[in-house]
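Quick heads-up: structures coming right below.
The same subunit A turns up in both complexes below, where it pairs with subunit B and then with subunit C.
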Partner chain A sequence: MADVIFIGLSLSSILLLIALGLTITYGAMGVINMAHGELVMIGAYTAVMSGIYLGANLFVALPLAFIVAAGLGLLIERLVIRHLYGRILDTLLATWGIAILLQQAIRLEFGLTFFDINIEGLGPGLQNVAIPSFLNQPWMIGDFTVQPYRSFIILLTLALTAVTWFLLYRTSLGVQVRAIMRNPDMAAACGIDVKRVSAYTFAYGSGLAGVAGVMLAGFKTVSPDMGSSLVVEGFLVVVVGGVGSLLGTVASAGLLGQVNGLFATWTNDILASAVVFGLVILIIMWRPQGLFSFKGR
Partner chain B sequence: MSAILTNQRLLEGFAYGLFIVIILAMPAFMDEFWLNRIAKYLVFGMLGLAIALSWGYAGVLNLGQGLFFGIGAYMVAMSLKLQSFTSLQQGSDKPVPDFMLWNAEPGAPTELCCINQGSFLWIPFQEQWFGVAMAVVVPTLIAYFIGSAIFRLRISGVYVAIITLALVLLVRLLIIDAQPVTNGFNGLTDLGWLTIGGFEFDPYLVETYYLVAGSLVVVLLGARWLVATRAGLILQATRDDPNRARYLGYNVAAYQVFFFTVSAAIAGFAGMLYVLASEFASPTFMDLAFSISMVVWAAVGGRNSLLGACIGAILINTIEATASETELLQEAWKAIIGLIFVLVVLFMPRGLAGLMQDLVAFLAGRQRSKRRADEKPGVAVQEAGE
Partner chain C sequence: MPVQPTILGDHGIMTINRRKFLKKSAVVGATGLAAPYFFTRTVQAADEIEVGVLFSLTGGLSIIEKSLADATNMAIDEINAEGGVMGKMIKPIVEDGASDPKTYNEKASKLVIRDRVPTVFGSYTSASRKAVLPVFEKRRNLYFYPTYYEGFECSKNVIYTGAVPNQQLSNFIPWIVSNLGKKKFFIVGSNYIYPREMAKVSKILIEQQGAEWIADEYLELGHSEWGAMVKKIKDSGCDVVLSNVVGDSVVAFYREFKNQGLTHDTLPICATVTSEIEIAAMGAEFAVDSFTSFPYFQAIDTDRNQAFIERYRKYVNDPKAVTHHALESSYFQVYLWKQALEKSGEATPDAIREGVRGQVFDAPNGTVTIHSENLHTYLTPRIAQWGSDGQGTIIDEYDSPTMPLPYVAYGETEDNLFCTAQGLDTTKL
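Entry: the complex of A and B
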C-alpha cells in the first residue's frame, strides 16, 4: 500500500511541478499558455546542454533552466501575450503557434541545420540526462524502498510551492499580483504597473516550467515533443483546483496523481489516464470554478 | 451604411458562388493523385465550417471536435473493413478483420460473434449502410447528451473548451485500450471501398471527388441557410449576451444544444468522407493537436464566417502539403505554420474573411465618398476621415 501511495505522490509532484507555473500564468493572468509544455521541454534541454558543455550536473542546471525559461517567457509575453490580455481563447491559439515554433526551433537547432551546422544535444533525436549517483541508490526503510530521485522531486516541488506561496502572500510584489488577479483595472487605478508586474509574473511561471523540465529530464527521455502532452495535464490540474488558488492546485495535483497511481496499479496506465480525464470532466461539470476558489469581484 | 450592407451581401453571394464553381471545376485541372488530396482538404474544410458554426455563431469553442470526426471515421471504417479483401479471406465464409485473427486465442471460433469478447459489436457493421448511418447518428447522439449536460448547467466559455478537450482525450485512450476491438494504436487500415448500387468509390476516382465536393457544397449551403433562419439569429443573440436572451424568454440551452449537435453531426459526416478518401481510421484523429488545428484553421479563415473557415482549412492544408514537399522548406514548414498561427491571432483576429470584408467596406466607402465629393465638395473629406 505504501508503494502505491508513493507512486501516486510522485505522480502528484510532477503534476504539481508543471501546474505550479500554469496556476500563475492562467490564474493570475488569464492566459492559457499552450507553450508551457514547450517551456518544460526547453528546461530539459538546458539540463542536456549544461551537461554536455559545462559538465554540470542537475543541481547546476536547475537555476540555469529557470533563467533560460523565464527569459524566454518574458520574450513571449513582450512579443505576443501582451497584446492578447482579455482574449483568453486567442491566447490559447497564439501560444499553440508558439509551441510549434519552439518545438521546431529545437528540432532544427535554431535553424542552423540549413547551414549544415549541428549542435550537439539539440536536433530531432532523443537525449538522456544522467542523474547524480547518490540520487540513484534506492534505500530501505523497513520493507519500504525509497526511490531517492522521486523523493528529491517531491521535496523540490514542496520547496518551490513554499517559495511561490511566500512570493504571492508575503511580498509586496505578490500583493500586486493578487490585486491584478482579482481586477486588473482596479489594480491599475491603484497605481500598480500592471504591464510590468504581469510580465514578471509570466516570466516566473515560465521559469517554474523550466525547473520542471530539468526534473523530468532525470527520468524521461528528452525529445522536442516531450512537452505537448504535459500542458493538458497541468492545465486540468489548475482548473480542477480552482483558478488562481495555490492551495487548490496542490490539492488537485494530489488528488489526480493518487487516482492515477491507484488505477494504474489496478488496471493499466492507459485506463488510469482515462479515469483521470473522466474525473476531471465530472468535477468541472459539478464545480466549474474549481474545488477551491476565491469569491471574485 | 446600407450601401456597405448590400455590398457585403453581394460579396458573400459572389464568394460562395465562386468557391462552389472552383471546387466543382477542380477535376478539369488535376490528376487523380491531387484530386484525392484536394478531396481530403475539402473534408478538412467541412471541419473548419463545423467549428465556425459552433464557435463563431454559438460562441461555443469545442476543442474536442476530433471526437465526433474520429467516431464518424471509425463507424464507417468498421463497415469498410469487413468488406475488404483481407477480411473476407480469413478461412471463414463470414468476414473477420485480420487483426482480430492475429490476436485471437488459439482455438477461438473465427466468427465475429465470439472471436473475442468485444467482437460482437462488429456484427451489425456487416451491412454497409449501418456503418454509414452510424457515422452521423452516433456523433449526433453523443453531442446531444454532452451538450444537454453542459449547457443546461450553464457552463460556458473556456470551461466548455476544457470539458470537450478532456472528453476527446478520454475517448482516444479508451479506443487505444480496447485493442481487440479497435486495433488500438494502429487503427483500421486495409479498408474496402464504399459501394452504392454496385458502383465502387475508389478513392482515386473523379466520382469520389465529386461525392466529397458535392457533400461539402450541400453542407455549406445548408449551414449558411441554418444561420440565417430565426433559430440562427436567436443563437447569435445568445452568443452576444446569454442573459439578455434568457430574459427575453428564449431557452438559451436548447439553441446551444441544437447547434452544438449540428456541428458534431457535420464533423461525424466529415469523418466518414475522410475515410472514403484516405482509406484508414486511427486514434490520431482524436489527438489533441488535430482538434486544436481545426480551431486554428477556422481562426485563420475567419471564425465568424462559414465559408471563410472552410477556405482557411483548405488553404492551410494546401500550404502545409506544398511546403512539406518543397525541398528547401521540408524541415521548416511546421515552423512556418506555427508562425502563421501567431501572426493571424495577433494581427488578423477576424481572419481572411474579416480582411475581405474590410477591403470591400473600404472600397465601398471610398466610392461613396467620391460620389459625395462630386456633389458637395468639402463635406466628404470630413466623413472619409472619420
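Entry: the complex of A and C
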C-alpha cells in the first residue's frame, strides 16, 4: 500500500510542480497562459543545453532554467501580456500564439536550419538529460523501494510550494500581489505599482515552469511539443483547486494524483485517466468556483 | 535538408511543362477525351518517371518519418546517379503527411489523381497506411510501405517491405524461453492495433512453448507516466517483459524501469519496437542488456551495411545519424521497385506489381525477396542485445530469410496461405 501511495504522491507532485506557476499567473493575474507548457519545455531544453555545453548536471540546470524561463516570462509580459490585462480571452489567444512561436523556435533552431546551421541539442528530434547516478539507484527500507528521483521531485515541489507560500503571505511584495488578485483597481488606488508587481509575478510563475521542465526532463523525452499536453493537466489542477488559491492547488493536485495512482494500480492507466477526468467534471459541477476560492476581481 | 526545396522547386517547373502539354493536347484535340491522359503519359515517358514520397515531415512523427523520407530520397538519388531506371530519371514528388492520417489521405489522393504517379512510397504508422489504403485500392495504384506492422492485411495495391509479426516473434519467443530460460511473460504495449495484434501472436507462441503469460497491459499512446505500470510488473512475479510500447513512451518506460530498481539482467525487457532511434533518445544506459527483435540492426557487420550507413550519414550530413529497420526497408524497397519496373518494362501500377512478385535484392540486412503471392517480404529475423554505446550486438539470427505470414495470428502457416495472388481467402479466417 505504501508503494501505491508513493506513486500517487509522485503523480501529485508532478501535477503540482506544473500547476504552481499557473496558479500564480492565472490566479493572480487573470492571464490564461497557454504558453505555460512551452515554458516548461524551455526549462527542459535549458537542462539539455547546459548538459551539452557546460557539462552541468541537473542541480546546476535547476537555477539556470529558473532564470531562463523567468527572463523569457518577463519578456512575454512586457511585450504582449501587459497590453492585454483584463481581456482574459485575448490573453488565451495571444499566449497560444506565443506557445506555437516557442515550439517552432526550438524546432527550427531559431531559424538557423534555413542556413544549414545545426545547434546540437535543438531541432525537431528527441533529446534526453542524464540523471546523476545516485538519483536512479533505488534503495530499500523493508519492503518499500525508495526511488530517489521521484522522492527528489516530491521534496523539491514541497520546497517550492513553501517558498511560494512564504513569498505570497509573508513578504510585502506578496501582500501587494494578493491585493492585486482581489481587486487590481483598488490596489492601484492604494499606491501599488500594479504593472511592476504583475511583471514580477508573471516572471516568477514562468520561472517555476522552467524548474518543472528540468525535473520532467529526467523521466520524459524532451521534444519541442512536450509542453502542449502539460498545460491541460496544469489547468485541470488550478480550476479544480479554485483559481488563485495556493492551498486549493495543493489539495487538488494531491487529490487528482492519488486518485490516478490508486486506479492505475487497481485497474489500469487508461481507466485511471478516465476516472480522473470524470472526477474533475463532478467537482466542477458541484463547485464551479473550485474547491477553495474567494471572491475577487 | 537542402534536398527538399530543390525537389519541390523542380516539381513546380514540371507542372508548368505539363500544363503546356495539356494545352497543346487540347489544341490538337483530335483524340478527344483520351487526349489529356495520353499526353501526360508521354510527358512522363519522355525523360523521367515521377513517384510519390509521402512521409510526415512535420508534427510528432516527423522525428522518425523524416529519416524514412531521407532514405527513400537517397535510394532515388543513387539510382539516378547510375543512369536511372530504363534510361529515365526518377523524379520524387515529396508530400508531407503532417503526422495526421487525414492529411495522408488527401496527399495520397493528390499524388494518385493529380500527379498520376504509378507508385507512392510512404507511411510509418498503421493509422496512416489505413488512411491511404482506400485511395490506392479504388484508383488501382501502388503503395510501397516500409514499416514493420501487425499483419492482418491483404491488398494487391500495397507492397509491404517491413516485418510482419511472425518475422519478429516466431524466432524471439522460443529463443527467450529456451536460451534465457524465461517462463512467465508480462506483455505490455501502447493501446492501439499494432501492440494488440503483436500480443495476440505472442500468446499463441508463448503457449506453444509451454510458457505462460501472466498479464497483458496497455498504456495510452504517447503517455509517459509509467509509475503504476512498472510497479505492476514488479509485483507480478514475471521473469521477462515483452514490450510492444511505441513512440516516446518507450523512453519513459525504460527510464522508469531502471528508476524502480529493475534491471535487465534479472528481468529483461524484450522489445519489438525499440530500435536504435529510441535507444538514442532515451540514453543508452537505460537499455543496456535488454533485447530487441528486428530483421535489421545498424550493428549488422557486413561491408554492405557499413557502406550503407556511411552513405546515409553523408547524405543527411550528420556523422552520428543512426539507421534502423524501417529506414533500411525504405531504402531497399526503391531498388525492388526499380527492378520490378525493369522486368515489366512499363511504368504502370499493374505492371510494376506483376514485376515485383518474387523480386530479389541484396539489401544492407541481407537478401530480401518479395513473396510472389502476398506481396510481403522475406526477411531474416535477428535478435540483438543493447550495449552501453547505444548499439546492439546480434546474438541470434536465422540462416535464411523467413516467409512473411501476415495472418499468422489466425492460424496461417507456410503451407496454408490465407493471402494469395487472388486476394484474401476469407473462408480460412
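The working rule: the second predicted complex is superposed on the first by the 294 of 297 C-alpha atoms of A that agree within 3 Å, B and C clash if a C-alpha of one lies under 4 Å from a C-alpha of the other, contacts with A are read in each partner's own complex, and residues count from 1 in each chain.
In this section, a contact is a pair of C-beta atoms (placed from the backbone, for glycine too) under 8 Å apart; a residue touches a chain by one contact, two chains touch by 3 or more.
Since we're looking at a predicted model, the values are computed, not measured.
Peer 1: Now for A:L155: first (subunit B), second (subunit C), both, or neither, which partner does it touch?
Peer 2: After superposing on A, A:L155 lies clear of both subunit B and subunit C.
Peer 1: On the A-aligned overlay, A:A189 touches which partner chain: subunit B = first, subunit C = second, or both, or neither?
Peer 2: neither
Peer 1: Between subunit B and subunit C, whom does A:I270 touch in the aligned arrangement: first, second, both, or neither?
Peer 2: both
Peer 1: After lining up the shared chain so the two structures overlap, which partner does A:L126 touch, if you call subunit B first and subunit C second: first, second, both or neither?
Peer 2: Second partner only, subunit C.
Peer 1: Please indicate which partner A:L108 is in contact with in the superposed arrangement: first for subunit B, second for subunit C, both, or neither.
Peer 2: first
Peer 1: May I ask you to decide whether A:T221 touches subunit B, subunit C, both, or neither, giving the answer as first, second, both or neither?
Peer 2: second
Peer 1: Kindly classify A:V163 by the partners it touches after superposition: subunit B alone (first), subunit C alone (second), both, or neither?
Peer 2: neither
Peer 1: Following superposition on chain A, which residues of subunit A contact subunit B and also contact subunit C?
Peer 2: 113, 229, 268, 270, 273
Peer 1: Over in the complex, which subunit C residues touch subunit A? Could you list them?
Peer 2: By the definition above, subunit C touches subunit A via 1-2, 60, 62-63, 66, 191, 217-220, 222-225, 227-229, 231-232, 248, 251-252, 255-256, 258-261, 280-283, 318.
Peer 1: Can you check the complex and tell me which residues of subunit B touch subunit A?
Peer 2: My answer: residues 61, 149-150, 153, 155, 157-159, 161-163, 165-167, 169-170, 173-174, 176-177, 288-289, 292, 295-296, 299, 331-332, 334-335, 337-342, 345-346, 349.
Peer 1: So in the complex, the part of subunit A that touches subunit C is made up of which residues?
Peer 2: Residues 3-4, 7, 10-11, 14, 113, 116, 118, 124-128, 130, 136-138, 140, 145, 147, 149-150, 218-221, 223, 225, 229, 261, 264-265, 268-270, 272-273 of subunit A touch subunit C in their complex.
Peer 1: Subunit B touches which residues of subunit A in the complex?
Peer 2: So the residues of subunit A touching subunit B come out as 32, 34, 80, 83-84, 87-90, 92-94, 96-101, 103-105, 107-108, 111, 113-114, 228-229, 232, 235-236, 239, 268, 270-271, 273-274, 277-278, 280-281, 284-285, 288.
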